[in-house]
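Everything on this sheet refers to the single structure shown next.
By letter and in written order, the chains are A, B, C, D, E and F; residue numbering begins at 1 in each of them.
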Amino acid sequence: MPICYITRRERFSAAHKLAKAEWDEEKNYEVFGKCANPNWHGHNYELYVTVKGQTEPSTGFVVDLSDLGDLIKEKVISKIDHKNMNLDVDFMKGKMTSTENIAIAIWEQICDPIKALGAELHKIKLQETENNYVEYYGE
Amino acid sequence: MPICYITRRERFSAAHKLAKAEWDEEKNYEVFGKCANPNWHGHNYELYVTVKGQTEPSTGFVVDLSDLGDLIKEKVISKIDHKNMNLDVDFMKGKMTSTENIAIAIWEQICDPIKALGAELHKIKLQETENNYVEYYGE
Amino acid sequence: MPICYITRRERFSAAHKLAKAEWDEEKNYEVFGKCANPNWHGHNYELYVTVKGQTEPSTGFVVDLSDLGDLIKEKVISKIDHKNMNLDVDFMKGKMTSTENIAIAIWEQICDPIKALGAELHKIKLQETENNYVEYYGE
Amino acid sequence: MPICYITRRERFSAAHKLAKAEWDEEKNYEVFGKCANPNWHGHNYELYVTVKGQTEPSTGFVVDLSDLGDLIKEKVISKIDHKNMNLDVDFMKGKMTSTENIAIAIWEQICDPIKALGAELHKIKLQETENNYVEYYGE
Amino acid sequence: MPICYITRRERFSAAHKLAKAEWDEEKNYEVFGKCANPNWHGHNYELYVTVKGQTEPSTGFVVDLSDLGDLIKEKVISKIDHKNMNLDVDFMKGKMTSTENIAIAIWEQICDPIKALGAELHKIKLQETENNYVEYYGE
Amino acid sequence: MPICYITRRERFSAAHKLAKAEWDEEKNYEVFGKCANPNWHGHNYELYVTVKGQTEPSTGFVVDLSDLGDLIKEKVISKIDHKNMNLDVDFMKGKMTSTENIAIAIWEQICDPIKALGAELHKIKLQETENNYVEYYGE
């Protein structure tokens, strides 16, 4: 059977800051610029989850997209949307909330559950603004 | 001379929450839903400023767009971008940070300065997510 | 209190054709071009509902956007999404399914219910493709 | 019959510069900034033509969109697309090629022909970049 | 000579449903959800065709984009735009019209003809809604 | 440390034409179509620069995005924005200004400087219109 890649977009809006607790405010501003604002800032994130697999002959699907959407909502969106990623999100605890680290953490949240849908997680793409995005392939 | 409307888009990313200090957390969640998250959330806002005026015969401009952009950056973006709108922004002090109230407050910040450019502020459009935006005409 | 206009976008995907029962296929193709295809075609429609009202001092809202979204979903999206607009949709019965007529029919579906939210319906904008959209103000 | 506004988008890519022949290069750079580059620059323009009219009961149309598209292509796009607006376009001769002036000139090109389609030209919106656009209502 | 990938977007609007003739309506709804609506629904599809090749020194082109556009229009768009993909499209006969299967069928339609342009088909990307797309590499 | 790909978008507006000096106008129109217009035309280009690297544990960054943005602005945007690519841009001298050739020349401009940021240039994507883009991986 042919192999396809299918991508589901989900969105979330969250607050964060980039700052190290062991550095003072001046040092944090020096390294992280305006992203170090002590009282936080936030973004509308666009999350693109790409899975890979053979198309199932009976349905023509790699995976049922509403199952994939539900999985992403349960494992990621419900925990991160309208939250503070530094304070409220279990899977970001103790991590810098760079776009890179959020993408990697989302991979870890959904990589195994996607196998249960009969497909393989291929890529996490996380867009922070219209000018910036990160892609992670689990490497 | 003919009258044109010219619009400049600027963008900012900010944190906020919708919650009244005199209400408890339960009441705030009841009224404001997930927007009441105590530790904040945030958005990428798109701000569209529309000004109206006659085109100046020598340049063909209603207003110099780089002057308009500079004005918006000075009066609005520099104060609100990568900030917490409830805590850090002087012109939002003591106000609910609904999209409506932010749009109205931005109007008040730039209405008079735009007159000095020789044009008239016509509309503030503020887009909070791809599904929601507010328009305000100073009425 | 200041008056704001707030817009909620919802989306639906539907099939339709443009053809008059009393005309033969040749005549329908002549008038409606490829939109007359007897076996239907379809679109992803983007629906923008704009309501107008004073901002409520306690919340800073013209209207609660999740209430507005629920109303649109109940009165419009649940009846039209993944349907055939010529055959399946009660409020399009007996009408040509031009973008104009769909926009007018959606206005009639939600104009009164929106009053119950304490606001006034101002505009229906319905986008059929990236190159075409219709606006209706109830006139 | 109800009144609707229907909008057709067309696109063109063109070169131009903003500079007055009677000024030297230094003066032109002072007034027009980088838009004064002597060897030209260019843009992808998005043109939105909005017409207004009653919906025709038989078709449900204000105007046939393919007729409207053909009219815009004949009167505007064929003359301006992949051209130099300062040098090649008859309806821009002797005018500063500001976005305002291009929008006004396009209005003049199509206002009367649109009447022949049984509708009324309502607005020209011309988008020069994702951050800038002009609207003209014939006033 | 360096190797580039060049992508051409084309668009089409079509009706379809996801349902197996040998299943009853209840079973089809159970498996395919609202996509099983017996009277069809439809989408605006965006098709991105990516070809790969060396740049030709004389022109700087991998392939002439207007030739590539013409080929896609002839082999795909003219057969599928404003059609019912289950009923009207020869290359979808007897197949489930999942986005995966449409993408694979489009690959088969244009893979060989693209060789005649001196390039190699690299990827078909087919976007069904703003939240869903499929990529196929001929594997 | 995990490997991420991070992409920065920058934009520029420039004039160009596709024409060979040794061919006459008729021959140039035959090969390059409307892109051969002697008086130039122009586009808004979107440039996506993707770099690859390990995330730095202290910051969670592959590379500091504002450093990457500054580098692209210095090496590319400042030289090409609001310019004529055939006449004004040193790194395009003597080359056909096809999208392919511009992408390749941009790669050469920034490949080595990006190493100094501690990352590796992975891809240049250059979008000329909403329907056309080129990708180059340095091969």
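Observations, loosely collected:
Note that in this section contacts are C-beta pairs under 8 Å (C-beta built on N, C-alpha and C of every residue); 3 or more make two chains touch, one makes a residue touch a chain.
These numbers come from a predicted model, not from an experiment.
Of the two chain pairs examined here, D-F and A-F, the one linked by more C-beta pairs in contact is D-F. Each chain gets one centre point, the mean of its Cα atoms, and the points for chain B and chain D are 28 Å apart. Rounded to whole angstrom, the centroid-to-centroid distance between chain A and chain D, based on C-alpha atoms, equals 41 Å. In chain D, the residues that touch at least two other chains are 130.
Of all possible chain pairs, the ones that touch are A-B, A-E, A-F, B-C, B-D, C-D, C-E, D-F, E-F.
Listing the residues of chain A that touch chain F in their complex gives 18, 20, 31-33, 95-101, 103-104, 130-137, 139. Interface residues of chain F facing chain A in the complex, by the touch rule stated above, are 2-10, 50, 55, 58-62, 65-66, 69.
Here chain C touches chain E in the complex through residues 11, 13-16, 34-35, 37, 39-44, 81-84, 87-88, 129-130, going by the rule given at the top.
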